[in-house]
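Heads up, there are several structures right after this.
Two complexes are shown next, each including chain A; its partner changes from chain B in the first to chain C in the second.
Our next item is the complex of A and B:
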């Protein structure tokens, strides 16, 4: 018999974020720090993500390390998220925020493109993202690099957690953005070829991986052109995990056997009961 | 399997200041109570999060802004007519204690075409709390 909780008069709460636990969390923070523990940290993607516009389209690049404070939470996470068949988005900041934000915008864009009957534009995705991030005043920690090719050509935007956006030919975001930007500033030129653009993005991400603690592991690339998307995961395994060269296991027969005695244990079945699982 | 529900037998809702203790049990008060979360005077006066107020009024503010723009562009009649339609659609509800889908309202607003956090988190259709049917209808009719 299931008892549903009934209250006498229940106001209608419309859904969405609920701020019930904020005061409780503030109290808990104070108490926990007095005891000497620390509250659990959100998983961030201390990251290097970048994008570049070349002759035929856009190349997006990202590293693959997700950190939880000082520990690597995921050695091979995917930071390039799908928004629509011609638009992809790299995400830095709180991992859950980037994941959920890009999924929501992807769903909205799909519904929108079904309404209009056209391929979605990068500017639409940009506008939706910046309006949502501004609405939450930066509490959604998602720094994004949005790139795609639509009817007006290739576009690349960078979107900050508070809702400001920039439309540029090359952008970098994340904790390793300075290292990656240094590589871009040195070697970028307009209208590059595809191979040159891929090499540039790969080198920029590698600079972030080797010079920033928050970025690491492999390099993922996503090459978007009109009508074709190449999702190269992993494009380059920059940090190969080491292979053990020796083994400490001893061969069978290393230790000589002197005597051997076998004692069978007679176990009687005393009681047998069957508990049916409630699968309703 | 039965489980122990703790409920207060008294008629008064105790407003205890939430400085040093918090009770994780839901107190089901048989007399009038509007909030099924634990409450205190301090809770209701100050917002617990900077976004709380702006999120509560977000839809209202959006509508106000849109109607103002519409009035400036198309004249007074356009927002009046739309607001009349909203008012009519808002009245299509089920019984007071049952959640209604608000389909007409969604279609008018255009939110049947969009997905936001209000569809994913805390969906009112999946809420585990329900108002007592008799008390809710009495409250709605003003008899309470």
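Our next item is the complex of A and C:
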């Protein structure tokens, strides 16, 4: 019996959701709460990402803030991920999910491309991503803006965590998507020039950065045309850290010392043991 | 601060299909929502399954896209094996099998319509739950509730293609005016022996009614 060689190294899923990790996660949760701690919250990129199709290709844009609850975990994270030399993908939602999903599809797409002998198509990446996300029924929190240029021209897709996709000339995703979409709906025109498209994307991301609490810091752009990719990181440092106007240090002697007592702690060594490191 | 896309995307919709002698007319609105935000205002809910078989999708966007992709694959394979154009009933059966088997997991209301050489124009409806039945006229989606009266009173058997187009466009317009989850543009498709003709009626070109 001959078996056809598969182009992906990924485990073949017979179908449906894989519950392998659910039991493990439940045990871990129980263990951690017994000790009185709470399990760490997933780091989400409360984000603004967007993309636009223009005359010669696509422009993708993203902010650079990653949040853990109400705290900024990373002030300059990269949300525009590489899929293939001609295809890039912005990711919003759970940071780990977008990172891993795009890496898996990038890997599979490279194998597929070697097998076909052709440059990968954006529609192929879209299919692979939507089929994987649908399989996980929305539990992989990855909301993506996929853009690239292939033999059929420039293409732009938005992909939602449950696995539905839309093919449109301009898309926005993330918590700041409404602010960015407002800019697009006002100023988008078909067949723009490159500078105008870059300005439009920059302004859309800026709208997200300044009007949405989950987005912030800098603006990254990625301009994809036939045969060339400009990964502009950062394209615009919209939030420069301010310079303090004076020194806020207190001079020595500001707090008056009334009394000073020194009590030596006499500690005796009870046991001393040496554990050699296994360097073999 | 929850991102809008963690809510599932729904095509609550208004969809419709009408049989006429020689083919079918299908129509749909173009709105897809996540909660109260319109994620896509120009959605194409009339999805080709085969050369002369289309489906109208309503319900969960992810579920219906995935089902449509699977059925397109299965029907294409079947058609190559048969070496002839597949029957509309076959396509509808494939939808029904999937929607019934996975009825607990899926939220999909689908209208399958097309033309085949054996039985001409046919419309089959596969609502949530996985029933399948052939109807001369079928409406679906959240906006359909508002137009059952209009459809029941205005449908006449043996209408011409142009009358069917006007009937569908007017019904969809009325539904879109009253249903918050439907809107955008009206997409129409006519499937016949000659092939598929597609039309878009933009917002300002929709038929006008006196109260709306």
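The criterion applied here is as follows: the second predicted complex is superposed on the first by the 212 of 280 C-alpha atoms of A that agree within 3 Å, B and C clash if a C-alpha of one lies under 4 Å from a C-alpha of the other, contacts with A are read in each partner's own complex, and residues count from 1 in each chain.
Heads up, the rule we're going with is that a residue touches a chain if its C-beta (ideal position, glycine included) is under 8 Å from a C-beta of that chain, and two chains touch if they have at least 3 such contacts.
Fair warning: this is a prediction, and the values are worked out from it, not measured in the lab.
**Q** Quick one: is A:108 in contact with chain B, with chain C, with both, or with neither? Answer first, second, both or neither.
**A** After superposing on A, A:108 lies in contact with chain B but is clear of chain C.
**Q** Touch test for A:136: chain B only (first), chain C only (second), both, or neither?
**A** First partner only, chain B.
**Q** Now for A:160: first (chain B), second (chain C), both, or neither, which partner does it touch?
**A** In the superposition, A:160 touches chain C alone.
**Q** So, does A:46 touch the first partner chain B, the second partner chain C, both, or neither?
**A** second
**Q** After the superposition on A, what does A:267 contact: first (chain B), second (chain C), both or neither?
**A** neither
**Q** Pick one for A:24: touches chain B only (first), chain C only (second), both, or neither.
**A** first
**Q** Tell me the contact category for A:177 with respect to chain B and chain C: first, second, both or neither.
**A** Only chain C; A:177 stays clear of chain B.
**Q** Where on chain A do the contacts from chain B and from chain C line up?
**A** The answer is residues 137 of chain A.
**Q** Under the stated contact criterion, what part of chain A meets chain B in this complex?
**A** 1, 3-20, 22-24, 26-27, 104, 107-108, 111-112, 115, 132, 135-137, 139
**Q** Which chain B residues qualify as touching chain A in the complex?
**A** 2-3, 5, 18, 22, 26, 28-37, 43, 47-52, 54-55, 58-59, 97, 99, 113-124, 127-132, 135-136, 139, 144
**Q** Show which residues of chain A lie in contact with chain C when the two form their complex.
**A** 44, 46-47, 92-93, 127, 130-131, 133-134, 137-138, 141, 143, 158, 160-166, 168, 173-175, 177-178, 212-214
**Q** Tell me, which parts of chain C touch chain A in their complex?
**A** Those in contact with chain A are residues 1-6, 8-9, 32, 34, 37, 39-40, 42-43, 60-62, 65-66, 69, 105.
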